[in-house]
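Written out below as structure tokens is the structure these notes cover.
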Amino acid sequence: MMNWKRIRRATMLCTTAAVALAGLVGSAHAEDKKFKIYLSLSYSGNAWQSEAANIVKALAATPPYDKQVELIEVISGTDPQAQISAYESMIEAGADGIVTFPISSTALNRVIKRGCEQGVKFFTYDATVTEPCAYNVSYITAGFGENSAQALVNELGGKGKIFLSRGVPGNSVDKRHTDGAMHIFKQYPGIEIAAEYYSYWDDRTTQQETAKALAAHPDVDGIWAQAGEYGAIQALQDAGTKLVPMTGENSNGFRLALANPDMQAKGLKGVSAGSPPAQSGYAFKLLMEILTGKRELEATNIEYPLPWVPAASVKLCEGETFENGCNAFPDGKVPSSFVTEVFNPELLPELSLLSALEGKPTPGATIQPLPAEIVKAPNEPGINCQNCEPPADLYKLTKIQPTVSP
Amino acid sequence: MVRDGQAALAVRAVSKSYGATVALEGVDLVLQPGEVHALLGENGAGKSTLVKILSGVVRPDGGAMTLAGSAFQPRTILDSRSHGVATAFQELSLLPNLTVAENLMMPRMPRGRTGLASASAARLAASEILRRYDLARIDADETVSALSLADRQRLEIVRAMEHATRVLVLDEPTAALSEVEWLFGLIRQITARGVAVLYISHRLAEVRALCSRATVLRNGRSIATVDLAGASDADIFEMMVGRAVRNEKAPRPLRDSAAPASLAVAGLAGGQLKEVSFTLRQGEVLAVAALEGQGQRDLFRILAGLARPAAGSIHIDGKPTVLRNPQGALKAGRGIAYVPEERKTEGILSSLTAAGNITLPVAGRISRGGLVWSGLEAKAAASVAGSVDLAARYLSFPIADLSGGNQQKALLARTLLTGAQTLLLFDPTRGVDVGTKQSIYAAIRRFADAGGSVLFYSSELPEVTDLADRCMVLYGGRIFAEFHGEDLEEQRLVGALVGHAAVPKGMPRKAGLETGS
Amino acid sequence: MSVSEPKGAAFQASADLRRGGGISRETTNAIIVFGLSILLILGSRFVSPALGSWSQVLTVLMLASFLIVLSFGQGLVILVGGLDLSIPAVITLGGVLATGWAGGGGDWYVLPAILAICGLVGAFNGFGVTVLKIPPFIMTMATSIILASAALGYTSGTPRGASPAAMTALMKTTWVGIPVVVYFVLLFVLAGWLLQSRTVFGRKLYAIGANDQAARVAGVAIGPVTTQAYVVSAICAGFVGMMLVGYANGATLRMGDNYLLPSIAAVVIGGSSILGGRGSFIGTVGGAVLLTTLGTVIAAIGLEQGWRTVIEGGIIVAALFFMREEFFARLRRPKRS
Amino acid sequence: MSASAVQPLERNGGGRKSNWVRALTSGAAIVTLLYVVLYALYALWEPRALSSYTFTNLINNAAPLAIAAAGETLVVLSRGFDLSVAGVVSLTNVFMAVWPMEGPGGALISLLGCCAIGAVVGTVNGWLVAVLRLQTIAATLGTMIVCQGLALVILDAPGGMVADWVSYELTGTLFGVVPIAGLIIAAVALLWLVFLRTNTGIGIYAVGADEQAAMLSGVSVTRVRFAAFVGAGMLYGVAGFMLSAQTATGNPNAGAPFLMLVFAAVALGGTSLSGGRGGLIGSIVGAGCLMLLQKVLFSGGVSSFYTGIFQGFVLILAILFGRFMPRLFNAGAKK
């Protein structure tokens, strides 16, 4: 019998292959001492996610951060377990900070807590976690749902059939937005919700789902949409009838449409608000200021202002950044799905279109200090804290006032 | 007439329909204790349905069955087994991925001390059973897939015998067995204990050797129960087929030994095949006779392009050829077409119609404008259906709905339609009824007379002697002997098959010392 | 393993008398699914008076077009006893390349070139399945993972560009009041049906799916033919990627994600056997139309998403129930006294 | 599913393998070897990999997938596909988070509840597949969608709290070294070894290889199919339980990522996707490999954009390797 020889040969083969592979891939370690910062995404592949990631990458390459930071991007997919595993690996690899878009507001708490105990700073952007040792930087608490709903109600004069184009079923952000919106809609008996569908924050899906809803309710009067709103406009155009007032998030296509006189003539009115990718940059800069000792900040929830651009305020940018109050780019410069809110002249003056699109630093730019003040976000159970009391005026309007009474 | 009360098994007026199809209608059958009773009938006569009813797989629509006087209505296999009725199925009910022991114990394993199934207890029990049935050479721990087809058939028989305390049903038990003495011995033992045996076979010689009475089924009805001693073969065939069957051996003209060779093989080896050289000429029908597992399967698979030879050369129509796959074989020289051994696994395409099955290899040829038109397809299929005696109305049926015999005819028709001039037929009449056999023989002869060459293997010696111009006996992977003309007769073949005959010149003696499987 | 059972080899009632009874099972299946779709469209009037209209039918056909094209490819792969899980990734590939290379204008030959690239992915699947003998489930899953990763790397996360003009024209224009894509779908269905049911290629696919060993013995080149099925599937998926780009004017990396299970469901609901060898494209089209109709009706009912999902799953199971062999047997069986 | 078009020439009797060679070349052994190799790589790049802390994390991470894959194996062995795994995991996760029960007693009740949910879904699947004879992949697709819907009905957004006892004790260690999750996996494996020695256990292999022959051998195909689906459902329930322990919260979509991964784990573990061959332990280790691979790629510093390419090729190579090893041994045994 020659089995043992075979086994040995097989084992040796494996080991050799393993060692070779190790040598091949494992040379990326051991640089001189920099802050080791991980950028942990749950998934990538749509404009919003990659713009947010690009902003962090661009900032990390902007002097003086380029000398201070080793930034490693990790994309773990839509599986919370994969992100848990990724966080664990980062903690083990000696991370100083983790800037992250968390896939779940609660599932990651355990590992985040463990990381905090080992001195790792967690900064979430946009999506939040309820673990108190993490810093949440998010616009979620700024009231997108209620403000945009009120805007739609105002446009409709308090009555009409509307669609709700929601996000991902079973997602806490979607629920927060919708709860906020419903808080307003419920006050107006004249508002009838004809259809409610999930569009997965995606143009294409929004378009298809809106088309289905239109088949049942061609007489819709308005659409309240989360991200993917440009798809709803295309569905209305496909149906060939009219456009209706609608609210949505920040795609460049939507803003251009809002400002387009032809479309306005057909009946499009509304507001562009919603999630700004720039949150990631703010989170990253806050993290760096803490790490470099420029700022003392206890872990907390930090509110990022809600962008608010009604049709009348849409202004095209001449250059590569938001200057002079501009807030959209001309057609052809960026795709219609491009999420415009990548800049913040106050918080993130370092960025340009190049940063958002390709993750490259703006030539000549250097990191500017952040304003000392931060805006604390109110408690929202299940969003940014657990077992906590929400403020009494959770859904108070901040951007718009009712112009019609119920 | 015997009263049912004394009978081991009495079946009265049993009927069964599948949808609009009547499979059995008013079937009567009485088995006496200790009797070996033959069940005869063409394929599709309803034998399998009756077997399934007896085994509890299928429930009859009407009629009554009694077992030793009491009503017998088995609802599952186990139910019928618990009444002492067990069946060895034609389509072998063994699980290839389980061990011999597990298969023998199926579905209840013996338990060990822990109350769990115990592999060692199963092995012990199985070894004991195998020993009792003279199969101690089979390892109870071997997986069934590693056994030869013949051994699997033996196992199937052994398992049925183990459970048959009243009635044993053997459905084509010798399909894969080339020697039957082992089985006959066991049948004698079991009948001596008073067990009744229902024996289903197309081999009348076997039936006559074993059975005293036979019940004949035709078109789902029991035609008669006859005393075999008092009935001639012709009588029985007539009952089965419903018309007289002519069964004389057609005188074969001597072949022109100078005819060009269509297939020449030299030093071929691979699998169990050690070294084989022969030449097949145009217009010749060459038989291969062998016991189970002598390399015949490898020989056919290599020539069909399904397996690669380890050594040797193949000349087709005079040209050295490497056969890579079946489509290569079809295109080599004037073409080689193969009818495989296992109809179910390698032959039919069950979801296609018979016509679709027949025209598959030539689908490209019969298409117009890139499309297959059912009219053209039917025409092409009909053009060969006649030559194998396949009724044209079957052509549009899903082939799975045809009887085994008609499936086999369709497969033969397929090879004819390819236009290949060399046919490889592996056991072309296995499990095929008498009438169909005659049709197939006639088709083969016509093909050879028209200049085609046929290489066939058969597990039935009368078939070899009837059909072949020449016969090679394979033994131990080599050609052990060759017969033609006057020498080609059963007695001589039998000797050569087991390696005991006078050794032809030039053959090493030691081949004869190896024992058969 | 030396003996393997042919797929779907059931107990044969070995009586030559048994017969199909005129209409084939495939045809009955197709009739049932289409019937269910029509019932659903008519019944949806109860949900909303605007439903059940001609414009709903057009909407359904337009939205079903993606699924119909996809499930044609998926159906061919299932027909040979495989499964193509790489469809989402190939959709993305088609979409990303279409916007990246041909966005807005581009040369006419770019679109076929993209389809050819998608075809190469299918060839890779076919290679793995037929030459390396990797189970289709695993092979196509691996391809999917690899491709998704490659697309991510290639685009660094953001696909650029807009829809090619040709695709926009296909998806956005109408002719005599009917969207051009509806005509396209009708032509595609005709061509697909011919390819699957009437060509030599289709015939070989059925043969392989029914019993690959027997097909091999009968001289069918299993490897190449199987690979071709995967290639066709990938080309269909790539084309759907381009259609989606034309429809929504832009690509994302996750644009194919929601199409995998529907593509399988459409094929199976259409009456094909998941084990291969059985089924018709017309049935699959019926399955795709049924699923899409269901989507439009469900979108219109005012229920919580959870309950809507429950209903959707229930209807799929119900459709399968009506598609059972036994159900057919009962339909066919004449009443006996 | 696919063809094994090229058949080896049939072996008649000869070339018999001894038991230990068979065991060594089984799917489980090969995938274990793969696991060891991956772990060695991981340890090479990340010295902390050898700490019991890291190992515990690894086991905790892999436990839900491993147990779900174990359940799927039952169905795959009996020649079926069970997509309902995603639905059951979501449903039980939501159940755990919405109705937390404290303490060991509460945990036990929760566990039984999870198993019961799984068993109910399994029973429905079993009824659809074994009794009504619907195609497995399609019928379980239906039940999966229904379960996902129910999960959404119960909990419409991530939230809820899993009982502390469950989330702390089950992710901890015994004596500081033995991961509790590992013990639970071991218990599943042990149950499997017991199940293997029951008539139903052997029946699953029989049905998976050849339903017809199994029926003719007296195996009640319906009962075995039923048992496979119910057993699988219960294991998915346990998987959902373990997932809840790990994430400590509910998510109505928690099960979705399992849908494809379980099949990858099953195939990696050497179980034939066309039924009849393989085993549950291989699937467990296969799941471990999938989770470990993420770590290895991370510690190896593979750019996140390209990890998928590695994962895909590793999957293919592992399957090829699993096929190649027995041949290597066979060749050896024949000489």
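Order of writing sets the labels: A, B, C and D. Residues in every chain begin at 1.
We take it that contacts are C-beta pairs under 8 Å (C-beta built on N, C-alpha and C of every residue); 3 or more make two chains touch, one makes a residue touch a chain.
A quick note: this is a predicted structure, and the numbers were derived from the prediction, not measured.
Colleague: Applying the touch definition from the top, give me the chains sitting in contact with each of chain B and chain D.
Modeller: Intersection of chain B and chain D contact lists gives C.
Colleague: If you average the Cα atoms per chain, which one ends up farthest from chain B?
Modeller: Following the centroid criterion, the farthest chain would be A.
Colleague: If I rank A-C and A-D by number of C-beta contact pairs, which comes first?
Modeller: More contacting C-beta pairs are found at A-D.
Colleague: What's the distance between the Cα centroids of chain A and chain B, rounded to whole Å?
Modeller: Taking the average C-alpha coordinate of chain A and of chain B, the gap between them is 70 Å.
Colleague: How many angstrom between the C-alpha centroids of chain C and chain A?
Modeller: That gives a centre separation of 34 Å.
Colleague: With chain centres taken as the means of their Cα atoms, state the distance from chain A to chain D in Å.
Modeller: Comparing mean C-alpha positions, chain D is 34 Å from chain A.
Colleague: Can you check how far apart chain C and chain D are, centre to centre, with Cα atoms defining each centre and the answer in Å?
Modeller: About 29 Å, centre to centre.
Colleague: Which positions in chain A are in touch with at least two other chains?
Modeller: Expected reply: 75, 169.
Colleague: Give the residues of chain D touching no fewer than two other chains, as numbers and ranges.
Modeller: Each of 7, 10-11, 151-152, 156, 210, 212, 252, 303, 305, 307 in chain D touches at least two other chains.
Colleague: Which residues does chain C have that touch at least 2 chains other than itself?
Modeller: Counting only residues that touch two or more other chains, chain C contributes 1-2, 4-5, 9-11, 152, 156-157, 213, 216, 305-306, 309.
Colleague: Can you identify all of the chain pairs that touch?
Modeller: Touching chain pairs, listed by label, are A-C, A-D, B-C, B-D, C-D.
Colleague: Which residues of chain B touch chain D in the complex?
Modeller: 55, 57, 76-78, 81, 87, 89, 91-98, 102-103, 106-109, 116-119, 139, 141-142, 146-148, 151, 159, 270-272, 293, 297-298, 301, 306-307, 517
Colleague: In the complex, go through chain B and note every residue touching chain C.
Modeller: 17-23, 43-44, 46, 48-49, 52, 57, 96-97, 145-146, 220, 304, 306, 325-327, 329-330, 338, 340, 342, 344-352, 356-357, 360-361, 363-364, 367, 370-373, 394, 397-398, 400-404, 406, 414, 418
Colleague: So in the complex, which bits of chain D are touching chain B?
Modeller: Residues of chain D touching chain B: 7, 9-13, 15-16, 19, 194, 197-199, 201-203, 205-206, 208-210, 212-220, 276-277.
Colleague: Give every residue of chain A touching chain D within the complex, in rising order.
Modeller: 1-3, 5-7, 10-11, 14-15, 18-19, 21-22, 25-26, 28-29, 41, 73-82, 84-86, 88-89, 92-93, 104-110, 168-172, 174-175, 382, 386
Colleague: In the complex formed with chain A, which residues of chain C make contact?
Modeller: 44, 47-48, 50-51, 53, 55-56, 59-60, 62-63, 99, 152, 156-158, 160-162, 172, 174, 244, 247-250, 252-255, 258, 295-297, 299-300, 302, 305-306, 309
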